[in-house]
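Structures incoming, each one as structure tokens.
In the two assemblies presented below, subunit A is common to both, partnered first by subunit B and then by subunit C.
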Partner chain A sequence: MSIELLRTSLSILLQGLVTTLLLSVASIVGGTLIGLLAAVLRSFGPWGTDRIARLYTELFRGTPVLITLMFIYFGVSYFGYAIDVFAAGVIGLSVYQGAYIAEVFRSGIESVAKGQWEVSQILGLSRMQAFAFVVLPQTGRIVLPPLIGQYLSLIKDTSIVSMIGMSELMHGGQAIVDRIGKPVEIYGLVALIYFVVCFPLSQWVRHHDRRRLS
Partner chain B sequence: MSNQSQTRPVISLSGVSKAFGATRVLNEINLDVRAGEVLVLIGASGSGKSTVLRIMAGLEKTDSGEVWVNDVPMHDPKRARDIRGHVGMVFQQFNLFPHKTALGNVTLALIKARKMNPADARKRAMEVLDRVGLADRADHYPSQLSGGQQQRVAIARALAVEPGIMFFDEATSALDPELVGEVTEVMRGLARDGMTMVVVTHEMGFARKTADRVVFMDKGVIAEQGEPEEIFVNPSNERTRQFLHRVLDH
Partner chain C sequence: MSYEWLTLWGYVPEFLKAGWLTLQVTLLAFVLAVLLGLLTALASISPVAVFRYIARAYVEVIRNTPVLLQIFIVFFGLPSAGISLDAYWAGVIALGLNVGAYLSEVFRAGIQSVPRGQLEAAGILGLERGQIFTEIVLPQAARAVYPAIVNYLIQLLLGTSLLSAIALPELTGTATVINSRTLLYVQTFAVVLVAYLVLSNVLSWIASQLGARMFHPPLIVRPRARFGGFALRRANRA
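Up next, the complex of A and B:
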């Protein structure tokens, strides 16, 4: 492999990594907001919104993320609108992962003792105040390790966005393999890059899960 | 009866019934509590005494009957929430906010529900913490306090909103025996200061010394009620006699 080729390849992978990270961060923010909303609605949403939230979580937990991405990317153009592939990726991943994140939050909310709600009610706090100032802060320690675990899975799922043509890390690897071959080396390098990003997070989860369970 | 009976009751239950599924827990309960009265509910577990208390506090709905607390019709779901912030309740399991200090536990409702400014809320909180003898523990988290101290913080938290009525649901049942006294001492102080109190307890000493009236519940009905001396010295109901025999000479 020439130096020139190596340099181009590395530059493609680096650009891909930047896109992957941007996609990850945007989807983590989106997925967390959607997940929190769905968990809140499912636990105490009025006017049937709890059912809608439940339908949402069950639907996306029961279908592959690739289908979600395809539906958003091609579905939007089917109705005559154009959508940027990055936006489609962020929306798809947020909506898909939001369903899992909702379950993480819900288990956290339900682990808080009923007495905390009761005493808040008697003290005159509204339901929203009780949730925001009493219940939610207590879920943090319970929710954080599985939440980070879900973020890890989201970061790896960004590789699937390459299937709708997003030029992220995985797509960059494919492009290089198409040009120069050497799939074992190139995909090995791509895997290593994902690993370097994810490993510290998975170590953190492992450490805190042990503390949480002990 | 004394002239207290002429004051209008602050709590009034008439014909209150309640079932959990197929289990009938309350059957046509009639009960009035006057302002400043200390009413103690005793009875075996499952007799319905905690349910009566929780209905008065708005934590359970009735199936039938009328419940008035501080002029709020608790049997009307639309109006029942008006009682919130006007009564205090102390639970068996304390229910302190674990992520807040003693001070933070007391100020939360003052700041968020009462919209007091934080400095005034802190001042009020320190007053009530001092009243339960814990001003020096204001910065401690619940996990750093003994059970008795936690329960006294819970009492301070309830008092901070200046409730018209205080409910105690087996407030000393989860405590080690040597810690019961510090909590009942605070409760006695409240009674002396004229607080209207409804107390569910297994502490017969407290019932006997502090209650104005003792209500003995059995299988969802009020089996007997009267002044402590009548109930403890000369109970007329056979079930009361059996119950007292069991709890007093175990």
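Up next, the complex of A and C:
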């Protein structure tokens, strides 16, 4: 692999990396909001919303993310509307990862001892207050490692958005290989870039996650 | 509306064939992943430093790169090394390599969850090293890791959808072909979505039944009530 090739490839790939990171951040925000909502609804939701939240997590945890993405991207066009591939990617990844993030939050909520609810009630806090000021602050420390772990898999999952035509890091690598070949060198370079992004996160998770069996 | 579903009815044999292919790749890759995972777990706790480094490098490389990229490297990259694979075996190997790395972490945690005192006690009672592993450690570790392994089996099943990128006609690949022929995107994806739900729930149901029979006392993977008859419960994280 010549220096010239390396330089041009790197500039294409780093451009792709910027898109990958934008996609990741937007989906992390969306997925966390959806996940938190689904977890709260599933634990305390009134009027059957707990069942809807449960149906949501079951549905997305039992189907591939690629199907979710294709459903959104091609499904919208089937009904005669157009959707931007970036928007489809963000919505698809948020909704899909939201289901997993909801499970992370739920296990956090459930890990706070039941006695604390009763104590909060005796102290005169409403259910909302007890959740917001007693339970939620404690779940933060418990859920952070698995939550970061989920973000890590979200970042890796952004590569799948290339399959509906998003030109991010993975797609950049494919485009170069399509033009000049050298799959080992180019995909190796792409792998290296993903590794540099993911390795610090996964090391952090490894050192902070107490649940070794998951 | 109904004629659209009639159109898809003609594709039922193709969907069934695709479902069978998906199941085959899932099970083959899972066998490979379990073997690789066990081997890597043993290497990562071995007294030989080189084995530990190799195991660690393998796990870190796999865990920190996307599975789609790993599939591409196996399918497009290995031919440069003189090894040519068709999409079927490239898929089995890539997914097996991927899940094997995650499973090795689970296995290692399971092996280490057996208290050291038991090993010493077994040694004093005159058991050999191999016996201690197969008779004392393995049965207890298997019980501890079983729910997590089932969870990875389901992840593996869902991961086979990515093999449509290397033109393997499994469920998702077949769906995209049928889409381009019929343009019935929503209906086709609905069929495939249900197919994945059925497959993942059937696999985890079988696994939970196995878990209840294989272990003594029976291992109940998911004790909670079922959800409105919508689907069988899937094995959750341990």
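Simple rule for what comes next: the second predicted complex is superposed on the first by the 202 of 214 C-alpha atoms of A that agree within 3 Å, B and C clash if a C-alpha of one lies under 4 Å from a C-alpha of the other, contacts with A are read in each partner's own complex, and residues count from 1 in each chain.
Criterion: contacts are C-beta pairs under 8 Å (C-beta built on N, C-alpha and C of every residue); 3 or more make two chains touch, one makes a residue touch a chain.
Note that the structure is predicted; figures quoted are calculated from it, not measured.
Visitor: After aligning the two structures on subunit A, examine subunit B and subunit C and state clash or fit.
Guide: Pair status: fit.
Visitor: Once both structures sit on top of one another, what is the angle subunit B-subunit A-subunit C taken between CA centres, to the nearest 10 degrees?
Guide: Value: 100 degrees, nearest 10.
Visitor: Touching A:160 in the superposition: subunit B (first), subunit C (second), both, neither?
Guide: second
Visitor: Specify the partner with more touching residues on subunit A, choosing between subunit B and subunit C.
Guide: C
Visitor: Between subunit B (first) and subunit C (second), which, if any, makes contact with A:66: first, second, both or neither?
Guide: Second partner only, subunit C.
Visitor: Please work out how little space separates the C-alpha atoms of subunit B and subunit C at their nearest point after superposition, in whole Å.
Guide: Superposed on chain A, the two chains' closest C-alpha atoms are separated by 17 Å.
Visitor: Mind pulling up the subunit A residues that touch subunit B in the complex?
Guide: Of all residues in subunit A, those touching subunit B are 113, 115-116, 118-126, 129, 133-134, 137-138.
Visitor: Looking at the complex, which residues from subunit B come into contact with subunit A?
Guide: 57-59, 84-89, 91, 93, 95, 97-99, 108-109, 112-114, 154, 157-158, 161
Visitor: Enumerate the contact residues on subunit C facing subunit A in the complex.
Guide: Result: residues 60-61, 63-69, 72-73, 76-77, 80-81, 105-106, 109-110, 112-113, 144-145, 148, 154, 158-162, 164-165, 172, 175-176, 179, 183-186, 189, 192-193, 196-197, 200-201, 227-228, 230-231, 234, 236-238 of subunit C touch subunit A.
Visitor: Please output the residues of subunit A touching subunit C within their complex, sorted ascending.
Guide: 51, 54-55, 58-59, 61-67, 70-71, 74-75, 77-79, 103, 107, 156-160, 162-163, 170, 173-174, 177, 183-184, 187-188, 190-191, 194-195, 198-199, 202, 211-214
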